[in-house]
């Protein structure tokens, strides 16, 4: 078992650079994902439990077993202020692994939010706490504490690989994973991109067509586009 | 056909005790479901049509045919103040079986809300009426009135067995069915549970770890959990 | 390829009569769909990106390729004030084909909204702009500009046939397509229907049962409905 | 917990009459379901693991927890020759709860097959054993033995209520549940139905139209059907 | 209602040219779809009920109501030898609209097969009859005969527009719709394509790389592909 | 872009040890997955295109763009005898990325099979070639060659992380990924496991209960299981 990442808690992880996290927190998921070359996005079924939820921070990862939230309690002890918990499961499971009690504990440890490829409950309380959660489901069904998973091992969460310490950014457009090693590079690229967009937005608002602004007419013609009446 | 529950309206049903219903209405679905031993929850695809919808009351059950809402009209006559209508269908069907006219009629009879394993429409009107509906879909598609189903027979709605008179509690976490015979017992257990939670919440907010509060360290070690650096 | 509707932009389309569009905009999707005889509704997975989104106008159609939004830029040039863009895709694809830049461009051209059988992004911005979008998904994932589709050819969008110029009406109940040729007829029928509903609503609110108002008791008895105690 | 059916094994159940089971085994699921008035069918996602799988017998029911097959081992002891195991789960879960070892044990006890609203594995072995299984998924993922469910309590399996002792019939068209109390009545009705079908088949093969054989022309005309050229 | 295609049977339809149908029957769906410029394919959830099912012929279209197969009986009378029935439904519905009796009737009329965006039953019998059916589901659940749909109106079936008389080709790769007016053109294009493929296959089997055969190395380099060690 | 794994072909990868691959090929996916501690399994939607498909070999990985199979042609050149191609996509996409021409090319290079989180076509030909493919869909829809992905970068395929050179084992129970570094260890563990199973099977066939063989009675009693009559 030791070779396969189950039953392990890694205490010392290298979190992404704080300045990079701070900078990334200023940009939207779409911009960051675009700036990264369009990789690292979680599946579109991951949705915020309340409108406007937003979170950005280094990942503490959790590997859960179906119907079992034991490892979320183990993870709590590993949390540092600013962390975002990312919980994957060894199989598709909608059970309510997380509720207001765990949220209270996570917040007391300084955690900023939760990304979980599973279900959550107590969403009314979580909303009142403005504790941001992005999940695959909402379910009142509680879980047991019987089988080991792991904390701070690499996980695949909603189709994206997450290594402990990677930066997680989540907003209404979805959840993106930014590798710790390139976090500042990604932040810089997102910044450049958003700066660039303001100019484009102004032109388009003034009635300039994307066809002209992006110089698409020639490639469209080459590709064979025909205009008919 | 008489033997199989189709084409029947049962007029006299035994509704759960009013005091139990009143008491259950004070607790959340997650607490009640937990207190009941984690049975009786509908599937997670059942969602409220507006944020904050909540309802609690004894079930008047309806068995619908696909694309046909005849039995909802038949059910209206059987409603008593405080009832919650639970509509199942003989097959998966997203059609809009229910809209503002039926809601007006149900409310005139004193019904408090609708749980339907099917689609609903007029959701803007229903929201303005604050008539709580939990459904599998929203669909503008209307239905015919041509084929018999039943009223007040046992039904399976979104994966849960509902007997007429059982208590239905629905909130943002989902929909749970509490058997009429054990409604007060469930309410008492939910009460005990929520009381207990306030204390836990305070401890967790103060930074106590679930690992310690729930005494998990020893069983985790026994299960073989290893901490590494 | 010329025979099969790819790589084509049709410039001259016949938009539905303006008076019909104006009249249709006063009615809900459920009423219009009902008035049309219950045809022309898109699948129920098409959902508004913000609560209360509503749009009505003649369709400019777009046929997209998966992961490619080139044709949306081509479509922008064909837009006239009041138009609603309807974008289908040659395969199921949740990518974020559309964001705030395209919305800015579409709005500058006078377009009122977008119906897309695909994903969209920048939903926070689109919401702040109150630019109504109904889509199958929300996704931060951007798209390329490499493969031709078409503009203003007939498309199947979320299960409904849309011809350029048809009227699209979308509200919280869904999205319906009204053929241009019968738009006024549909508007008249919807008007008659809604007028009729006010009267029914009053009766039902006063406690009259649908069973009596719709004279259902005899057909129910003929169908074999049995009341038991 | 005692009130809610978890942690219980009921040893004495009343199996449906053997003659009724034997008679039902001669008919197809479609005929039986039809004869019963079209109730009691499991969801269409339940599929046989090999072409031609067929099984008929009284149900021994099992309520599983997600990712946990402990109760299947408990159920083995309760099996009698001719039984069919019906396994439900407290939540949607595709894990491989069952494989060739359990099949060997079940067969040694005389069980005829398995219906499981979950996953199974070792399908190559099960196929070679011609041990019929109808399941929601195939998955190599094994399960733990940590949390109690129940044996021989009423369960909802794939949308259908199953009481211990009810007759389960499964064939390529799906899985139907026949209540023990009306099993012979259902068998008789299925027999009448199939006898009746032979005659209809001969007529239709000879070119007689259903329109005439079922005397549909008049009701169609009354309903307003119009023929155009 | 007359304006919206419900309650109508069109008797005189123009079937695609027989020679074109015959020629199309020699090619696979993938080749035909490719030859047509990649339009006209039904959704991938449409699957054959038995391995190796294949059918090709002009479409007689049917628009069904959920849970109601009345119009399939009406359609039988409109069938001519060689026809393929294409059945759409006004909403998603898995019920078993079609079984061996209707297949017997359809075959007696000369129909070659069925494409249905709904469920079918008696699949064991249909398989023994080698009556090819492509459907969205298999379900034992029967249907009523109560509500009008239409026969030989344009329908959207599994995401594809089908006009009566269009050629339907279905094989293990899926179902494609070839407009009647361009059927011979499509057949010619498919023929050219398949001829072309034999040559390519030989080269690839001999070890020639697609990179070289299709001259991809230069465009890949231009697009920025980098080889690393 | 260079930092994020797009537009890259890695030529030199370290394939798992040949002896380990050979040994793994003797065991089933369920046994190997179990032996590995239940990690590394792809989602259950990955299904073989024909009954009995089986493959085992080191992975050459491909990252595809939706509707675009360019990178499969690039991958062909990197194949060595015994390889298994594993193709992921940057988004969910069912298009037919792969058919008999590419299979001919892959086979000419010595590749043994394909695992693709996308669609395939020409399944009749692929079946006749007995070229094993495990995919998420079957689709006749072809793809373009316009946008770069990568070859031999780490990918997430159907929920599982695959590094180039990892061993892929696929059989009727699913697809499992064995990290190259621990391939022999996994093979040994699988061997031990299967040896162990033969003995268990014999006991169970002789009527010994799992309850006794696995000594479950005491833990079940401790957990509170109650037998009632």
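We just call them A, B, C, D, E and F in the order they show up, numbering each chain from 1.
Here is the rule we use: a contact is a pair of C-beta atoms (placed from the backbone, for glycine too) under 8 Å apart; a residue touches a chain by one contact, two chains touch by 3 or more.
Please read all numbers here as calculations on a predicted model, not as lab measurements.
Among the remaining chains, those touching chain B as well as chain C are A, E.
Of all residue numbers that take part in the contact between chain A and chain D, over half occur on both sides, making this a same-residue interface.
Overlaying chain A onto chain E using CA atoms gives a rotation of 180 degrees, to the nearest 5.
The interface at B-C recurs elsewhere; of A-C, A-F or C-F, the pair that shares more than half of its residue-numbered contact pairs is A-C. Between the CA-based centres of chain E and chain F the separation comes to 31 Å, rounded to the whole angstrom.
Between chain B and chain F the centroid-to-centroid distance comes to 41 Å (mean Cα coordinates, whole Å).
Each of residues 1, 38, 90, 92, 94, 139, 141, 147 in chain D touches at least two other chains.
Under the contact rule stated at the top, the pairs of chains that touch are A-B, A-C, A-D, A-F, B-C, B-D, B-E, C-E, C-F, D-E, D-F, E-F. Remark: chain C residues 1, 3-6, 36-40, 43, 90, 92, 154, 156, 159-161, 182, 185 touch chain E in the complex.
Within the complex formed with chain C, the chain F residues making contact are 65-68, 90-95, 139, 141, 144, 146-147.
Against chain E, the residues of chain F that register as touching in their complex are 1-2, 7-12, 70, 73-74, 76-77, 94, 96, 99-102, 104-105, 107-109, 119, 121-124, 137-142, 145, 147-148. Those residues of chain B that touch chain A in the shared complex are 28-30, 33-34, 38, 41, 44, 47, 52, 171-174, 176, 197, 200-201, 204-207, 209-211, 214, 216, 219-220, 223-229.
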